[in-house]
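One structure, as structure tokens, below. Some questions next.
Naming follows writing order (A, B and C), and every chain is counted from residue 1.
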Amino acid sequence: MTVIGLLTDFGIKDGNVGVMKGVIAGINPDAQIVDLSHHISPQNIAEAALILSRSYAYFPPGTIFVAVVDPGVGTQRRPIAAQIGEYFFVAPDNGVLTLVYQSAERQNKPIKVIQLINPAYWLPLISHVFHGRDIFAPVGAHLSSGANLDDMGTPVDNPVRINFPQPEPISGGLRGEIIHIDHFGNISTNILQIHIAGVEKLTVQMDNTTIPGLVRTFGEREPGELVALLGSTGYLILAQVNGSAAQVLHPKIGDPVMVFFDNPSLKE
Amino acid sequence: MTVIGLLTDFGIKDGNVGVMKGVIAGINPDAQIVDLSHHISPQNIAEAALILSRSYAYFPPGTIFVAVVDPGVGTQRRPIAAQIGEYFFVAPDNGVLTLVYQSAERQNKPIKVIQLINPAYWLPLISHVFHGRDIFAPVGAHLSSGANLDDMGTPVDNPVRINFPQPEPISGGLRGEIIHIDHFGNISTNILQIHIAGVEKLTVQMDNTTIPGLVRTFGEREPGELVALLGSTGYLILAQVNGSAAQVLHPKIGDPVMVFFDNPSLKE
Amino acid sequence: MTVIGLLTDFGIKDGNVGVMKGVIAGINPDAQIVDLSHHISPQNIAEAALILSRSYAYFPPGTIFVAVVDPGVGTQRRPIAAQIGEYFFVAPDNGVLTLVYQSAERQNKPIKVIQLINPAYWLPLISHVFHGRDIFAPVGAHLSSGANLDDMGTPVDNPVRINFPQPEPISGGLRGEIIHIDHFGNISTNILQIHIAGVEKLTVQMDNTTIPGLVRTFGEREPGELVALLGSTGYLILAQVNGSAAQVLHPKIGDPVMVFFDNPSLKE
């Protein structure tokens, strides 16, 4: 039973995700469909890329991800499917797979990307505005039934990638930025565990708020305190114990976050 | 593996949808349950009818839809199950199937409606307020296991239908109205592709806003522009490219939308 | 096919629930995963306990519930798994199973609780902040594959319980409190059917609002009226017909609700 993971910005109130699942069930009744998220901010390709890249490796090998955040639907943007390491991805070619490509490259895993041009794997009628239903879900379902990626289209050598800002060195530390705010109001930065490896003490600063040290987990401080810690996928996050850091700090995606390494002048 | 599609106004926070799935799994462990939506506006039978009618045909034949928007639960309103073309429906008899009946009639598909009176297909205890759990989910599960509709109750000749306003001709065009506002803030009217078939140019007007022409898809205009286009199920929709038309136009369900056909005086 | 029911406060936008499902599918592809709720208020153990206790018995025997509302993740709080009657539960030992224990005790069903200490049933890497993914989901998946509870850890004699206030007798009636507000704005009290059994007439009072009598279901009164009735799991609830009692009464969890039995002076 192959898993198909769905990631969209469709929300769940209008029936569109249900329709994609109906289409999949009609092609492969044995596919096991898992919702990764349907609450990506509308048209936010970067957010979808982030959620996908930090999640996919927890699924069983062979899982097919259908990722539809698709502001260019119906234009010349290409529909693609990709085999990346042990996983498959079906998506518009708009950069939503950028971080998965990078992850595979770091691990020397093979990447094969195909432009979907063979309508034999699509619904008979293709709308201009809902390729999730008409192209991406059917292609994912056919892949889950054992269809061959190579039969679905032609190779793509230069799939679209989008730019993800990296943390930059500053005097005494790093300047990162906010890349995600989660359901709990935890604030994720683009600073990874590897960026601060070996650092014994550090101070995190956002706007006028300074958070000392790093805790291992929320429960090490009292409810209401702001803490900095490494999240479950290795990113440095800011949180409020039993509360919402977002409600305290009012962050926006892209806002700067500074980390200072063991800097006495800051800790007076 | 038969698909059971669920459509309710229950939301997803209180466990009620989960309980319906638990009941189904207890009766038919092999049923494949798909959420169509649980975010129908509370008690909004017309909205549920719309979502159901535009979605069901994308599911595999034999799919059983359990549609529970049920303000009359526990009163004399009848619980029904229906076989309509290749699909089954289980619902309160309050008009939620109106558009499915109409769709079947246009296609000359058979309609059989049964009033559910046989408690052998229900849970042992029936509450006054949650027939989704106690009657509709179990009936759907038994249908998915191969139970016979005719054994569940007695024929209904006059199932309840609700009125859906149709677009009306006005001087130079059509007067429609708003029937749905989706997760993206796209505004759907009750004007269908067939109502404007053959029209080469048109102008859409809502309140004091005029939108020229029809585009095929969002990406044909610049971000922020308002556009009119045909949605993926054939309804004329108003949208803002990469934005929310609802935030710009503040529509309410039932608000009028005018379409003028190629009318030079309007386009000066 | 064993059912695994998931209950968390994770929300559904960040992919964390999807990742738990991916982990489960990797361990037991045949498990059938059902969402009970992922919208428990953040860190609200009591609310999770309530939803779980009133829902679990509607699932088929053998169902495994993975309940992760876990403000103490990564601290000394114990991870546990339990066999309670015909059901299994995997959770942090923070009281989220309190009402399930009580329910089993009332029914003289056996309770076995194990502290999870055997990492053979976990993911290889354990984060400090996401045991839902790293411990609880894998343990649930292994149980669904037939793993033995006793092999997973050591017995716990004194699992944590939290206090749930009970209704108290007052002159002429009972004083209860609000324990849940649902998606429709219905207000649930901690007053159960058994607390008012045999009472022929009663009056419900909250703040300055008095609601006469008990109705059996919503449709017995006109839209807009406030009514008191027994909800589908036996709790006394306050509702507005076709509306939201919460929007009218602005309740908070813990607010008092009084019930007066057949008290003429109140009914003048």
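Everything below uses one rule, namely that a residue touches a chain if its C-beta (ideal position, glycine included) is under 8 Å from a C-beta of that chain, and two chains touch if they have at least 3 such contacts.
If you're wondering where the values come from, they're calculated on a predicted model, not measured in any experiment.
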So with touch defined the way it is at the top, what topology do the chains form here? Options are line, ring, star, complete, other. complete
The C-alpha superposition of subunit B onto subunit C, two copies of one sequence, needs a rotation in degrees (nearest 5) of 120
Rounded to the nearest Å, the gap between Cα centres of subunit A and subunit C is 31
Multi-partner residues of subunit B (at least 2 other chains): 12
Subunit A partner, complex, touching residues on subunit B are 1, 3, 5, 7, 12, 32, 34-40, 51-52, 54-56, 58-60, 63, 180, 182-184, 216-220, 229-232, 242, 244
Can you list the residues on subunit A that touch subunit B in the complex? 9-15, 17-19, 21-23, 25-26, 29-30, 33, 42-43, 71-75, 77, 127-130, 133-134
